Amino acid sequence: MPLSPDQQAEIDALRSESQPTLRATVPGMEAHLYKAHEVLDHGFIRVIDYMGDDAAICQAARVSYGKGTKSVQNDEGLIRYLMRHWHSTPFEMCEIKLHVKLPVFVARQWIRHRTANVNEYSARYSILDREFYIPAPEHINAQSTVNNQGRGGLLEGEEAARVLEILKADSSRAYDHYQEMISDEGQDGLARELARMNLPANVYTQWYWKVDLHNLFHFLRLRADAHAQYEIRVYADAICKVVADWVPAAYGAFEDYRLGGATLSGKALDCLRRMLKGETVTQENSGMSKGEWREFEGVLNAPV
Amino acid sequence: MPLSPDQQAEIDALRSESQPTLRATVPGMEAHLYKAHEVLDHGFIRVIDYMGDDAAICQAARVSYGKGTKSVQNDEGLIRYLMRHWHSTPFEMCEIKLHVKLPVFVARQWIRHRTANVNEYSARYSILDREFYIPAPEHINAQSTVNNQGRGGLLEGEEAARVLEILKADSSRAYDHYQEMISDEGQDGLARELARMNLPANVYTQWYWKVDLHNLFHFLRLRADAHAQYEIRVYADAICKVVADWVPAAYGAFEDYRLGGATLSGKALDCLRRMLKGETVTQENSGMSKGEWREFEGVLNAPV
Amino acid sequence: MPLSPDQQAEIDALRSESQPTLRATVPGMEAHLYKAHEVLDHGFIRVIDYMGDDAAICQAARVSYGKGTKSVQNDEGLIRYLMRHWHSTPFEMCEIKLHVKLPVFVARQWIRHRTANVNEYSARYSILDREFYIPAPEHINAQSTVNNQGRGGLLEGEEAARVLEILKADSSRAYDHYQEMISDEGQDGLARELARMNLPANVYTQWYWKVDLHNLFHFLRLRADAHAQYEIRVYADAICKVVADWVPAAYGAFEDYRLGGATLSGKALDCLRRMLKGETVTQENSGMSKGEWREFEGVLNAPV
Amino acid sequence: MPLSPDQQAEIDALRSESQPTLRATVPGMEAHLYKAHEVLDHGFIRVIDYMGDDAAICQAARVSYGKGTKSVQNDEGLIRYLMRHWHSTPFEMCEIKLHVKLPVFVARQWIRHRTANVNEYSARYSILDREFYIPAPEHINAQSTVNNQGRGGLLEGEEAARVLEILKADSSRAYDHYQEMISDEGQDGLARELARMNLPANVYTQWYWKVDLHNLFHFLRLRADAHAQYEIRVYADAICKVVADWVPAAYGAFEDYRLGGATLSGKALDCLRRMLKGETVTQENSGMSKGEWREFEGVLNAPV
């Protein structure tokens, strides 16, 4: 459970103080504000603030005065058009600020998305908590034998047990030693900025992360993808649910054109046109490499 | 007057619809929302949305839970500390969205600030209005004779009159021709994306501009500066007033450390230390070039 | 002809001074260095500097030591894999610096690509040349009647002649007045930063533009596209030729996956799978809007 | 020693292949290319590529044709002017690509500088080496008692020995377990993307890092500063030496205006003016807080 009673009390207090505003307001997001959505064993995401809504995307696209008079259906059509044609700037007009608690190895992937604002908990300044990510047994997988960068089948029996034992024991020992080194009881106490180097990458950190909707969609496309590491994908999935409540039309377009869509190369389109004319196209006469052909077939054969 | 009755009615309508929100809300900004602050002869800035407040800056700096319990005085001290030490990320946690109407030659300077989101009125798609910036007589200056990039004294008499006459007549003729070319009465009508090339740089455009507070301060430091061109400086000045109402503590720190402060080189600090010890330091024994020395003297002799 | 004899002499001088270097060097780009590739009536692009080559992309992808031992074929396969899977960071490891002379209305579109470095000729500081873009007769089109943001058929006869006459006369008059206003003969002379506002958007400016290969590809995908305005597309086309000589494998992948490829939505893929099974799919039973369906048909029916 | 014989042989091979180029070339940087400059116990920086030189900065500032005819002294004056007036875009016209090997906790600070291109060694894909940063005894400091974010005096005797013992033993054990978990001898072997979470933050990683000179200076100002953590400062110091050989005039200006300079607030400048008039100014009558006053005194009393 990631929240202490004090933290829950603070969230409750924040949620009890409503103010009037003239800004664009989304009831679905108001319901999310400050609440912690749990992710992994100790992590969470919380919406701290947001700016804009579906109408703000359209408004920017039209650079019109005020909200405009178009019906919701027109707004949705416009948003789908913008998404389809990679007109990204109107989506940048919406902004979200999240509070995220996450393991350091996830944070290291996440931070590679540069077009965002971040304030992370400082282990130079403050002492990290004794919280480590220990995978659930159903998420302890073997190295994939077909993909250097992925997971294969589940580890089982003794091997799984040994892995869990190692992760738990090493985390615990590392934290004990961290505390021993920084303690100033009967000694000077090692500087925090040095002591932290003893902590493994499954230790939890936290940050405020603020990003515009266009860059958030880019993050979600890569991280909610089946090829993303499970431990970051669950964060992306949790954010997807929030975004669907925030900007339903934009999220719908994102789902259809990005998450559910595919980019085909000129060669692939050529093969497709031949196939639609009734020609039998195989990898051999496709002009594609084996890897490309396998991915192409994956796109064509995906379940409807 | 930049606003039509329709536009004013739309603003009034937007300002009449208040919604409850759990987000950080600033009464001083609520008073600005949607209203047009006039700038130059046809321009304006309008606040369309905002995210965060002084407390949000501190909250991010502390990566604390909720609003924290610190008094306002502590928040102000923390904000001054952050500004003094160039800790820029907490200021990025606030965001503002403006609607700006401005001459194209101002827009061309403005857009050089890259870390912002922009949606501009499209002259490929739409027809520009007949609105041109014509400087007031008190802002028609001669080329500076000491600074290649600046203005000297006021133009007077016949010369000023001739300049005004040229600007007005050429703008008017250019717009007449623009209309003639795009007209489809009795002819096909030139494509808008081509016809626009006939319009001079004092024609007005408009855009939505969204930026975080750190990058806005950077913009304001350069554009509210005495060396900035007058026509962009008045926009920066108008934004400064809004920001002072939005995040008063952050704006106060910005005023003291950035607008009112100065960066001195190692050589200048060296001279200063010698002067404080009673030594007479001149340009000749300062190690500085004449230009640097003149600027150094400017800093020291500025009125208290 | 965009180059004066002095400029040509300078280019010749720069091209005569070869230096030894240990850096990655591309003979195809050495042949381009400093030379002006003419674009439009007075514009050009020139390669001023470059960093990296196809091997540098692979090297970064492998974070390997030195050039690695892989064959060219493997490098090409790796580059295609990176492009196909949107692994953009290795492409960022190549950088190009161009000198571009272009009309202001083209510059205004171009600058919207923010992730680049720019130094533009300053009309606050310096006097612009009397050079204006006047379209060739075969590029004077009517406003499109099906696409608000595009061109229709050619203008012909009197209408075309009148447009050309207006563009020429207004440019010429605007420049005459610009000169009159800034002249300090017998008068003070208007500040350059003010006088420039009288010049229309077809006046030429110039800049140094530096960008990494990933962001350049993004620019080229949007601006070498059939929907881009002709006057910026010709710049993109000229740059494409240079890039093909610089990083042939990366450019080949870009051509296949981006320029020649298409992104299909989940709905479109669903239709495609139904069509490949022999089902007759029409707009009515596709789930797509008319606009989407038209674009989908456009992808399927493109000439092989 | 960070380099294996194979790596050294590869560097030697790369340094033996010189090519002619027409690009701007800096002999001082050619001498650095590919060589490893050792940092900490297993780290290094290596220059992999560079673009531009001092003249390229001036060329961009002048948007001139070719190299211009100004003497070196004028170039230096121009560069100092640009630095003094925060004209940052000409410095962006130079670019450097480094190969860096560094501990993960240093990498986590470094990556916060977002305006750069990075390709890091992937521990999802590949197996990390058994290399950990163990501080030298003269760099094992106590937590500062005056600054929450800093180091105090050296740890001594038993306490220092115990810290070293912990860091070594925990690193070694963590790596043993990492190997055990991923081993596929007699078991499936844990996925690398999971096993890496057991490794502490002092494990070494490596990356290619490409950045323009303006953003590099920003990095160096913050990280070569006395308040930066020692373990990142030594990397910044090593890069400073390289930059001084690359763009000596720009680096000289950077040293004077940024590293050796100071930004004073409006309040501080006011106090300074009073002091120069002979007034006795103390913290009490300065209008500054105690912290600001202490820093102000630090600037004034720094050794000449």
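Each chain carries a letter (A, B, C and D) given by its place in the written order, and its residues are counted from 1.
To be clear about the criterion, contacts are C-beta pairs under 8 Å (C-beta built on N, C-alpha and C of every residue); 3 or more make two chains touch, one makes a residue touch a chain.
Because the structure is predicted, anything quoted here is derived from the model rather than measured.
Colleague: Out of curiosity, which chains are bumping into both subunit A and subunit C?
Modeller: Touching subunit A and subunit C alike, sorted by label: B, D.
Colleague: Approximately how many whole Å separate the CA-defined centres of subunit A and subunit B?
Modeller: The mean C-alpha positions of subunit A and subunit B differ by 35 Å.
Colleague: Round to the nearest whole Å and give the separation of the Cα centres of subunit A and subunit D.
Modeller: Inter-chain centre distance comes to 30 Å.
Colleague: When you check subunit B against every other chain, which residues touch at least two of them?
Modeller: Those would be 89, 112, 118, 122.
Colleague: Classify the chain contact graph as line, ring, star, complete or other.
Modeller: Looks like everything touches everything, fully connected.
Colleague: Where on subunit B does subunit A make contact in their complex?
Modeller: Residues of subunit B touching subunit A: 6-7, 10-11, 13-15, 17-25, 30, 33-34, 49-52, 56, 59-61, 63, 65-67, 89-90, 92-93, 95, 97, 117-122, 206-208, 210, 212.
Colleague: Touching residues of subunit C toward subunit A in the complex: what are they?
Modeller: By the definition above, subunit C touches subunit A via 77, 80-81, 84, 86, 89, 112, 222, 255-257, 259-270, 272-276, 289, 291-292, 295, 299-302, 304.
Colleague: How about subunit B: which of its residues touch subunit C in the complex?
Modeller: 103-105, 108, 111-112, 114-115, 118, 122, 124-126, 133, 135, 140-144, 148-153, 155, 159, 162-163, 166-167, 170, 173-174, 177, 180-182, 184, 187-194, 196-202, 229
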